[in-house]
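The structure follows.
We call the chains A, B, C, D, E and F, going by the order they appear; numbering starts again at 1 in every chain.
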Amino acid sequence: MKNEFDTALPSIRQVQTLIKEATAVELKLMSGELLTGKIDWQDQNCLCLLDENKQPTIVWRHAIAYLRLQSH
Amino acid sequence: MKNEFDTALPSIRQVQTLIKEATAVELKLMSGELLTGKIDWQDQNCLCLLDENKQPTIVWRHAIAYLRLQSH
Amino acid sequence: MKNEFDTALPSIRQVQTLIKEATAVELKLMSGELLTGKIDWQDQNCLCLLDENKQPTIVWRHAIAYLRLQSH
Amino acid sequence: MKNEFDTALPSIRQVQTLIKEATAVELKLMSGELLTGKIDWQDQNCLCLLDENKQPTIVWRHAIAYLRLQSH
Amino acid sequence: MKNEFDTALPSIRQVQTLIKEATAVELKLMSGELLTGKIDWQDQNCLCLLDENKQPTIVWRHAIAYLRLQSH
Amino acid sequence: MKNEFDTALPSIRQVQTLIKEATAVELKLMSGELLTGKIDWQDQNCLCLLDENKQPTIVWRHAIAYLRLQSH
């Protein structure tokens, strides 16, 4: 299905909540690589992740396999 | 073909049934990784899987290779 | 090219024939994994494969590399 | 760019010529796998390759990396 | 979601800033390969990276996993 | 973003220049494979590369990671 950036969609809303609450997350990429941090913003193309030093990583959506809360 | 999120399509309807019946499933990803759990919701972009501790994993559709019932 | 689910297209029609005739097929995935079975249905997003125990596997089209008749 | 199935495009026309002249080709897939044969037909979604025993393999376009004439 | 080249989007604007400020970046590709350099331009399809000898590499967006500032 | 075959775009124009000037290039694919040659033509779907024996390889755009001038 054509991907949609519609703020009413659960997938967009839940990321928006993770941004607002500054929740630590894990992003698993299609390549198997795991990124961790807090989501700073999202748009149609990308999510931006901040690491513990507040350094941003701009991750393309097409590269993301899944997202979950950071395990402790 | 342009992917469609049309609730009349078998691929959308059958996932909807799996959600309603809280069926345990296996999601095999394009990367070869296997995720298991119950599907909590689906939208155009993602499926959300709940593990046995009810922790959610938001899985992007483009990352999914196939879905089947959990083998016993 | 934008993929199309047009029943006049050879790629859609030939899968439809495989469904009707319950032909055993091999589906090779982009990941290299090989699935075998009979195709139960197709829609814009997915093909559904039934294994020898009639268990369904819903395979996303974007994950399929190629399809051929099962070798004996 | 949105892929197009426009018979005026070189990529579509040249495959059409390969079909008409029954030229033996190599298809290299994104996964690294190499398929060989003669192209039987093409449509928006797929190319169909016939092996030396005239057995068809339906290859999805998204899985193809490149196509060249079979090396001797 | 359909990717968009809209200069109001954070993902487009932030790359535009990296271009203007000639910031050294790392581009991690879907294949795991890492490219480094300064971004020279972006358009709908590609980003162009200049290495230390000012040699350009045209990188397709679909191949990019993530972008971050070059680590020291 | 929806890829565009617009001859005003830098990514299309620069490939057009490489064709006109018969510049030797390297094409790195998503699979990690490296192809070398001169670009013969481009269209919405593909680039065609000629090797030193003028043999053509039709490369699908979705398979390309990056393009650079051939290193000496």
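A few points about this structure:
Convention: a contact is a pair of C-beta atoms (placed from the backbone, for glycine too) under 8 Å apart; a residue touches a chain by one contact, two chains touch by 3 or more.
These numbers were taken from a predicted model, which means no experiment stands behind them.
Looking at subunit B and subunit D, the chains that touch each of them are C.
Graph distance from subunit C to subunit F, where chains that touch are one step apart, equals 2.
Placing every chain at the mean of its C-alpha atoms, the farthest one from subunit D is found to be A.
For the pair subunit A and subunit B, the fraction of shared interface numbers is less than half, so the two copies use mostly different residues to meet. Most remote from subunit C, judged by the distance between CA-atom centroids, is E.
Subunit A and subunit E have CA centres that are 19 Å apart. In whole angstrom, the spacing between the mean C-alpha positions of subunit C and subunit E is 37. For subunit E, the set of residues touching two or more other chains reads 1-4, 30-31, 44-45, 61-62. Each chain touches its neighbours in a single ring, whose members, counted from subunit C through subunit D onward, are C, D, F, E, A, B. Interface residues of subunit D, counted against subunit F in their complex, comprise 1-4, 6, 9-12, 14-15, 28, 30-32, 61-62, 64-69. Only residues 2-5, 29-31, 33, 35, 41, 43-46, 48, 55-63 of subunit D touch subunit C when the two sit together in their complex.
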